[in-house]
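The same subunit A turns up in both complexes below, where it pairs with subunit B and then with subunit C.
Let's look at the complex of A and B:
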């Protein structure tokens, strides 16, 4: 199953970044109709190869230009973007992070580099909700320039995916842009490098601490169609599910944890008692290896 | 004596949430937001690069 997940991640990364015309035509970006769709995962729409738009970027742009649109009699509140993200969230929740996000795949590949591995402090998980509330919603909406325009704060000051997929490639492809590089870019470059190094030593640090898209999908932890379920009568509390989780979820203690990306590692690689199963809309559709019932397996 | 396993009920909460967001999505489409998203997405976002 892990191999299938990796392939799905690779396919979605290629689908989200499948326009390579820029190598032939020199056009800076794909400008076709697919860009009206928001990618489910974190993928910068200013990447030369990007075929879809970024939900977070689009939302910040819409909120930042809300005053203009209202003045011109248009009501662009971001409902198309939030509605689309919400539909995906209600169906899959953070499964999207585990299966469809290009930046998630990037971090997983970095984590395969041999090194000593560390955890991520649990308290840092709440930081991403702050980024969602302030950098994606409130600051673009409320902090405006003299013309009434807000900035995409998360893209501008934080997003390492934007630096990696758009900033660096565009500076390489368009030398004319290099003279505009300043402190802002260096700040973003530093943040990107910090997350790259951190990803080598810890599993998915950006997803766990800073991703506003992950924070949004995590809000659906109790209201999503596809999720893992714990059968308490089969669970022996052996804690085998703890070390295999790339997000640091203790599944036997909190099966509805907002951090769960439904990668199925706990179900397929850890639980030998069939206590973890996959359900869709409340109906079980698959489970891990079902060993003998706990009583027969020697549970006290 | 064997007991019948309880019938699995489909979860309603995710469906309700799904419907609410689907409605928002449709309202956004009716308001012309996709065109605005497209207009933004086909231009380089200099802020995203860190030079805007």
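Let's look at the complex of A and C:
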């Protein structure tokens, strides 16, 4: 199952970044019809290869332009963005982080680099809700310029996915842009490098501490359609599910944890008692059986 | 082994397919120090602008959008530049990109902008000038040669920016 998940991640990364003819033609960003769609995971709109928009960027644009739209009488409320994110969240929650997010895949690959591995302090998980509340919602909405329009604060000051997928490639592809490199870019470059190094030593540190999109999807932790279920009668509290979880979830203690990305590692690789199963809309669809011996599990 | 090979072949096929789906390159895209491609731009108020009619004037062709934060920061400086230079020598044309003219009209009105705000029907000007995003500015000299391309926002009323523009004016003292 882990192999299938990896392939799904790779395919979604390629689909979200499928406009590669810029390498041959130097053509500008893809602006075709697919760009009206938002990628479910974190993927920068301005990546030269991006075929879709970023949900988080679109949400900030929407909130930043709300007052300007009201003032100018041009009413655009971006119902699709909020509606789309809500539908995805209600259906899949943070399963999207585990299966469909290109930046999640990037961190997972970095974590495969051999090194000593560390955990992430649990208290840092709440930071991402702060980024969602302030940098994605309140600051774009409330800090406005002379026209009454706000800025996409998270994209502008924080987002390491934007620096990786758009900032650096665009500087390489368009020498004319280099004149505009300043402290703002250097700050974002530092943030990106910090998360890259951190990802080698800890599993998915950006998802766990700073991703506002993950924080948004985590709001649906109790209501989502697809989720893992714990059968308390089978659970022996052996804690085998703790070390395999890439998000630091202690599944036997908090099965509805907002950090669970439904990667299925606990169900397929750890639980030998069939206590963890996958359910869709309350109907079990997988798991709940005794896991095979580790040697056989590795050949899935 | 064969199975793995098939998987990789499938993956590369997907990449090639996606690579072929993008926009076609423009072979006639604008180049620096070459004649600037002609354009037809429609002002919100209805007036039509073509490059052919602007021979003998320096043209400041500026692509922008109301949703772009750095475009908004740049707008007042462009207005100051427009106010400082006579229109018989220096024409500022701002071109809206992927945006609503009503929003642009409102925004221009907020700073008392007197430069033309135009739309680019079917995005043809953006295509022939090889626009990579907004804001982006092109300087066309009095002979109709494309001289400069600036990607990103610039402080247009700074001494450095004015020094660049001064080179193309027949009366550089206008920007002293």
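One rule holds in what follows: the second predicted complex is superposed on the first by the 285 of 300 C-alpha atoms of A that agree within 3 Å, B and C clash if a C-alpha of one lies under 4 Å from a C-alpha of the other, contacts with A are read in each partner's own complex, and residues count from 1 in each chain.
One rule holds for everything that comes next: a contact is a pair of C-beta atoms (placed from the backbone, for glycine too) under 8 Å apart; a residue touches a chain by one contact, two chains touch by 3 or more.
Quantities reported herein were computed from a predicted structural model and do not represent experimental measurements.
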Open item on the list: Quick one: is A:61 in contact with subunit B, with subunit C, with both, or with neither? Answer first, second, both or neither.
Closed with: both
Open item on the list: Under the stated touch criterion, which partner chain does A:281 make contact with: subunit B (first), subunit C (second), both, or neither?
Closed with: first
- [ ] May I ask you to decide whether A:141 touches subunit B, subunit C, both, or neither, giving the answer as first, second, both or neither?
- [x] neither
Open item on the list: Applying the document's definition of touch, where does A:74 land relative to subunit B and subunit C: first, second, both, or neither?
Closed with: both
- [ ] Could you look at A:46 and tell me whether it touches subunit B, subunit C, both or neither (first, second, both, neither)?
- [x] both
TODO: Considering only the touch criterion stated at the top, classify A:151 as touching first (subunit B), second (subunit C), both, or neither.
DONE: both
TODO: Name the contact category of A:185: first (subunit B only), second (subunit C only), both, or neither.
DONE: first
- [ ] In the overlay, work out which of subunit B or subunit C sits against more residues of subunit A.
- [x] B
Open item on the list: Going by the contact rule set out at the top, does A:10 touch subunit B (first), subunit C (second), both, or neither?
Closed with: second
- [ ] Check the residue A:177 against both partner chains and state whether it touches subunit B (first), subunit C (second), both, or neither.
- [x] both
Open item on the list: Under the contact rule defined above, give the subunit A residues that sit at the interface with subunit B and also at the interface with subunit C.
Closed with: 28-31, 46, 61, 69, 74, 76, 151-152, 156, 177, 180
Open item on the list: Help me check something: in the complex, which residues belonging to subunit A touch subunit B?
Closed with: 28-31, 33, 35-36, 38, 44-46, 52-54, 57-58, 61-62, 69, 74-87, 89-91, 151-152, 155-156, 159, 162-163, 166-167, 170-171, 177, 180-182, 184-185, 187-189, 220, 222-225, 281-284
Open item on the list: Help me check something: in the complex, which residues belonging to subunit B touch subunit A?
Closed with: 8-11, 13-18, 20-29, 31-38, 40-52
Open item on the list: So in the complex, the part of subunit C that touches subunit A is made up of which residues?
Closed with: 11, 14-15, 18-25, 66-67, 69, 72-73, 76, 98, 100, 102-103, 106-107, 110-111, 130-133, 149-153
Task: Contacting residues of subunit A [partner subunit C, same complex] - done: 10-11, 14-15, 18-32, 46, 51, 61, 64-65, 68-69, 71-74, 76, 145-147, 149, 151-152, 156, 174, 176-177, 179-180
